[in-house]
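I've put the structures underneath this note.
Shared between the two complexes below is subunit A, which pairs with subunit B and subunit C, respectively.
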Partner chain A sequence: MKALWHLDWLRLRRQAATWFLLGGLFLAGLTAIYLGKKFQEQQQAEISRLDAQFQAQCDRLEHRYRENGEHSGYWSYYSFYPVHQPPRPLAALSWGLRDVAPFVTWVRLLGLEQQLYESSLANPLLQSLGQFDLAFVLGVLAPLVLLLLGHDVLSRDRQLGVLPLLAAQGGGGLLRMLAARLLLRLLLVVIVCSLLFGIAMIILQLPPGFDTFAWLFIALLGLLPWLAITAIIAARSRSATGSLAAAMAAFVSLVLLMPALVNLALSTLFPVPEGLELTVRQRQIMHDGWDQPRQPNYDRFLAERPEYRKWPTVPEKDFTWRWYFAMHEVADRSVAELVNQHTQHLRQRHAWSQRLAWLSPPALTQSLLSGHSGTDLDAHLLHLETTRNFHEHLKAHFFPLIFDETHFTAGATKSFPRFQNSAPAPAAPLNPLPPLLLAALLLPFARPRPVLS
Partner chain B sequence: MIQLQNISKAFGSRPVLQNLSLQVDRGRILGLLGGNGAGKTTTLNLILGFLQPDSGTITVTGETAYIPENVALYPELSGLENLRAFAALAGRDLSTQEGENLLARVKLPAEAMSRRLASYSKGMRQRVAIAIALARQAQVFLLDEPTTGLDPAAVHDLATLLRQLAQDGAAILLTTHDLWHLSIDSDEVAILSAGRLVDRFEVAGQDAAQLAQRYMQAK
Partner chain C sequence: MPVPSPILPLARLEARLIWRRRASWLLLGLFTGLMLLAGLLSGLRQTREREQQAAYQKLVRQQWESQPDRHPHRAAHYGTFAFKPRSLLAAYEPGIEAFAGRIQFLEAHRQNGANFAEASTLSSASRLGELSPAFLVECVLALVIVVLGHGVFAAEVESGRERLLRAQIGPRGGLWAGKTLGLWLGISPFVLIAALVPLTLLFFGESGLADRASVLVAALLLYSVLWVLLVAAVSSVCRTSQAALAVLICLWLGGGVLLPRAAAGLASAAHPLPDKSEFNARLGEEIAKLGDSHNDKDPAFIAFKEETLRKHGVSRVEDLPFNYKGQLMMAGEEQSAKVFAQEHAKIEAVLDQQTALVRRLAWLSPSLALRDLAMRLCGTDAAAQQRFIREAEAYRFSFIQHLNHLQRDHTAYAEKNVQRIDEHLFDEIEDFKPTPHTLSLALAGSAASWAVLGLWIALAALLGRRFA
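Moving on, here comes the complex of A and B:
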């Protein structure tokens, strides 16, 4: 094997394409690390500004009502509270949904659902495979380099006429030659990927722990199915031109077509009500409330909130804040089924997309990496859940004061709740089996054609 | 030693070799003569194991070296690098000095040894291939049309080299159309026609014209 590697290395290092491809991969990786750092810094900067922005808002409220104070309902209506999900350190390597799904949500005491979906999940351009992060470079570009370096390891020799002489050396047959050559190319790609990861660790100051190295482990495992695909193409092709065409067809199919088909199938099987639809429904119900008798709506609120029954009625003509906020909650409740369906279908889609990712190695790798980086759909749903919980906390704090017709005066904002639970989303459990199994399933098809085929 | 016993081979329904038996002992050079499609190259491919016979047995004793008609090596490597790399494939680590000695033995000019193979002539590439065989200490040499495209001086050099190898104990089987080459180089000639062995005789004392006459009679 050593001799095969030596011969191959001598040739590889003299081919401009080798350095062009590996250099290109390295430069792409550096660019992705730079963009990841910028992305992370922007998110961290946005999160770090939240306290100051919230304080500035409180100061404005204090200034506005500095003379005689105002009903707590006014203060609540005009105050916004930031809920955020900080990025895991690894998010800079694998952005996942963090560039399309909100990681900061400003909520106020009004109906929550309309506030949650103000930024939509369904941006097809941003959601398509190919954000330029290190996960993209290692999950999509590194396999492309492996394919381009390895697709013709036998067919090129076959075309050159060297194959019979090589085979006559008794080096252990074409399969051994194929294995040696592809492993050398894999090693080169792994070295570049590991180097990039090392640079990322330094630049992004990633902690050198299990979590961090597990990310690299997953990314490198993701190369194994591609190694098997490259081996199949290299083993079965008769000419270098044919193997290049097969390599490109495989790449386009697995990187573009297959994810698009899976996405189409899942969208058809699990239609998710758009956030906009939820918002419109919720707002419609809330606006209708202005034209309806107030007490029945308020009674609906009390039916679910017995703790507020000591304020059993609302006037029909005069505006009261307790009726107003109760009406918002009733509007929220009226779309609860739709919200539940939205979440369930998203989860089902996510689960199926993870299952069907087996059909596309890059999608599989990206899915595992974003799961491990805490940037996948689970992380986004966790942020929505956290926001809901904090909104409940706001209501528990303000409703008794509002219902009691409390007036806030100067300094009231000091006791306003602030979001404290700023933990990043947890990493999905590490599961190295899918890429290993996929590679194991594909490898048996990599049987070389005979020397004289 | 090379021994073929009752070898038959067909490609689909077309028979290429029929009941072929041959033997080349150590120290001997056998020239396999025949027209296009007679089955010469197929015989070599069967001995090399690139093809499997439909029936019959093939026995080869000793390391086998193969020199194809057009020796293709890696153009981006020098002759010396090709030699060392191919020798390493066969499990032999050559030092630079050992490599240069082998290339000198096959009369490759010293200035060419470190030059990339892309600039080599056919004869020079053939010499590198023979050096590769020598590096492996091969005792069996299979040469497919080795003189095609070589100038007379190169053919003479090749004949000298092959004779030297035979004297050192190698068994050599070569296929050719070149009767002159056979007359100066071979110990024995076997004539194939349509996959059958139609004649076999000692060369000793026969010139190219006599060989041609015998060949025409056999066909």
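Moving on, here comes the complex of A and C:
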């Protein structure tokens, strides 16, 4: 085996293509790390500015009511509170949905549902072009390099006519030779990937712990199905041109076509009714409230919220903040069932996409990596849940004051609630089985053609 | 006796050689199958979403018209929605559809962004792309031409047939033209299949698509010619067909897979957009300077009040021939809309810088250029999105001012904002009517992308001719 490796390495070393491919991979990786750094900085900067922005808003409010103060209803009507989900350090390596789904949401005491679906400020053209993160480099480009380095390890010698000679010399036959040569190439790719990861750890200041290395582990495991695919192509093809065409076919179908087809099928077969339905319905109920007798709506509120029975009635004619906020709450409650369904639908589609990811190794790797980095749909849904909880917290804080017709005076904003719970989304449980299984299923097909065929 | 030109026989021979290979038939079958699948699923989805949107549009209108008697400013907060028009052509190239908000909630005092983008509800694996007929053309068609054509000259040199051919043709030449034409003829069934998808969409009864669909087909033809010439050029430069294949695959990968993503990353790193919180904070600051137009005693509006009184020769707002509060609302809306426009222009400037950078990089990638053209023609590009946002804002302004006008003329100052006006007055406000997408709108600003295709064609033709 050692002799096989040595000979092969001598040859590989002299080929320009080897260095071109490995160097290209390395450069792409550096670009991805640079872009990841930018991504990380922008997100951290956004989050770190929230406190000051909230404070500036409070100051404006204080200024506005500086002379005589104002009813607590006005103060809460005009104050927005930032809720955010900090990134896990690994988010810089696999961005997942974090560049399209908002991770900062400003909420106020009004009906929540209409506040949740605001898109973040972004350029949809850039988003539609795709992401260039390290997960892309390690999950898509590294397999490509492996394919291009390894598809012709037998067919080239076969074409040159030296295969019988080599097979006779090496001992152990073609399978052994194939294994030795492919493992050497895998090793080279793994070295470049690990080197990139090391650089990423330093530049992105990733904590050197289990979590961080687990990411690299998943990314490298993702190469195993590709090793099997490369082995099949190398073993079965007759000519180098044929094996190159086969390698490209494998790459295109597994990287470009299969995930894209799965996505199209999922969004066609599992249509998720948009948040629009919620907004339209909630808006209707909220505004109808103005044209209906007030007490029945208020009673509906009390039925759901017995803790506010202390304030049993609302006047029919005059405006009260008590009635106003109660009406918003009723509108939110009336779409609660729809909200549940919406979330269920999303989770269902997400689960299917994870299941179907088996059809495509890069989709599988992307899905595992973004799960581990806390940047997938689960993380976004968690952010929405956190936002809902904080909104509840706001209500619990302000409702008793508003219902008591409290008058806030200068300095009131000092005791306004602030979002405290800022834990990143947890990593999805680590499951190394899928790529291993996929590789194990594919490997038996890598039986070399006979030496003289 | 004039010697017959060798071009046509050579072309016929080349095309026939391509179809003698089993791989060609296999590829054609796969390509057709994928095209059908992508066309069907994509078409199904677009049709359903169009219907859904039409239903929502109807519902929102119905809700608007069935409002009870209301104070006009209540109606202004009840608001309405602007829907981005959807063309069936989006089934061909969905472009930025999934990432751009398609619906704007329109209400008084604020400009809500376009929301309800689909992308945030998808899985992260969806970022690997979504299958569409246009994607198949941009990526797969090019690769098919590469795989079938990389040996067009190199293989002849390798096998030594090249000299034989040259000897047969004689001094007049025509080898390059004949074989290149043959390669294009050989792959033309793929082009035909690709062109069928936009053409089929025409039969689904959406008017005004024909011209855009035909330009789309023209762009597609140019693209196929481009790749045929490129493949021929590389094949004539390289000594072996394997080397030609390797070079072409690098070109294809670089332009089709790497460059678009790198361009996106670099553009957002080079010209970062302010985040939404920052944007809103700045907006809040600017808006706060304006004063509150709900409050007719707000000191920021004293000058406005005095001027209004002077103009009508009265000394008290109660004596004005209309409700001063409505007039004040109109003034306030005008000011806040101006601030929005000003802040939004800053965002648009950054977006334009980002887009310009991507455009510059598109000189390196014909597939990016074709994508730009396809998106424009299908109305799924960034310019169409910006147009939608701008038109929706213009509509919002006129919508709100109409309601403020109603408040001014149909409510009384003394009534303290509890007066309701006849619901039928709301019905006369019309729905948002976006400018329909037309060919000239689609082509405005597309010169650079056509030039990219033209330049690549010219370069490839020059290179190929010189060496062949």
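Before moving on, here are some points about what is shown:
Here is the rule we go by: the second predicted complex is superposed on the first by the 439 of 453 C-alpha atoms of A that agree within 3 Å, B and C clash if a C-alpha of one lies under 4 Å from a C-alpha of the other, contacts with A are read in each partner's own complex, and residues count from 1 in each chain.
One rule holds for everything that comes next: contacts are C-beta pairs under 8 Å (C-beta built on N, C-alpha and C of every residue); 3 or more make two chains touch, one makes a residue touch a chain.
Nothing here was measured: the structure is a model prediction, and the numbers come from that model.
When the two structures are aligned on the shared chain, A:Leu10 is found in touch with subunit B, with no touch to subunit C. Contacts of A:Ala101 after superposition: subunit C is touched, whereas subunit B is not reached.
Of the two partner chains placed by the overlay, only subunit C lies in contact with A:Tyr34; subunit B stays clear of it.
Looking at the superposition, the partner that touches the larger set of subunit A residues, subunit B or subunit C, turns out to be C. In the superposed pair of complexes, A:Leu394 makes contact with neither subunit B nor subunit C. In the superposed pair of complexes, A:Ala167 makes contact with subunit B only, with no contact to subunit C.
By the touch criterion defined above, A:Val451 reaches subunit B but does not reach subunit C. Comparing which residues of subunit A touch subunit B with which touch subunit C, the overlap is empty.
Interface of subunit A with subunit C (complex): residues 17, 28, 31-32, 34-35, 38, 42, 46, 49-50, 53, 56-57, 60, 64, 82, 94-97, 100-102, 104, 106, 114, 117-132, 136, 140-141, 144, 240-241, 244-245, 248, 252, 255-257, 259-268, 271-272, 274-276, 279-280, 283-284, 287, 290-291, 346, 349-350, 353-354, 357, 362-363, 366-367, 370-371, 375-377, 380.
Put simply, subunit C touches subunit A in their complex at residues 23, 34, 37-38, 41-42, 44-45, 48, 56, 59-60, 63, 68, 70, 74, 77-79, 81, 95-96, 98-101, 103, 105, 112-132, 135, 139-140, 143, 147, 151, 241-242, 245-246, 249, 253, 257-258, 260-269, 272-281, 284-285, 288, 347, 351, 354-355, 358, 381-382, 385. Subunit A meets subunit B in the complex at residues 2-4, 6-7, 10-11, 14-15, 160-162, 164-171, 450-452. Across the complex, subunit A is touched by residues 45, 48, 50-51, 63-66, 68, 70-77, 81, 85-86, 88-91, 93, 129, 132, 136 of subunit B.
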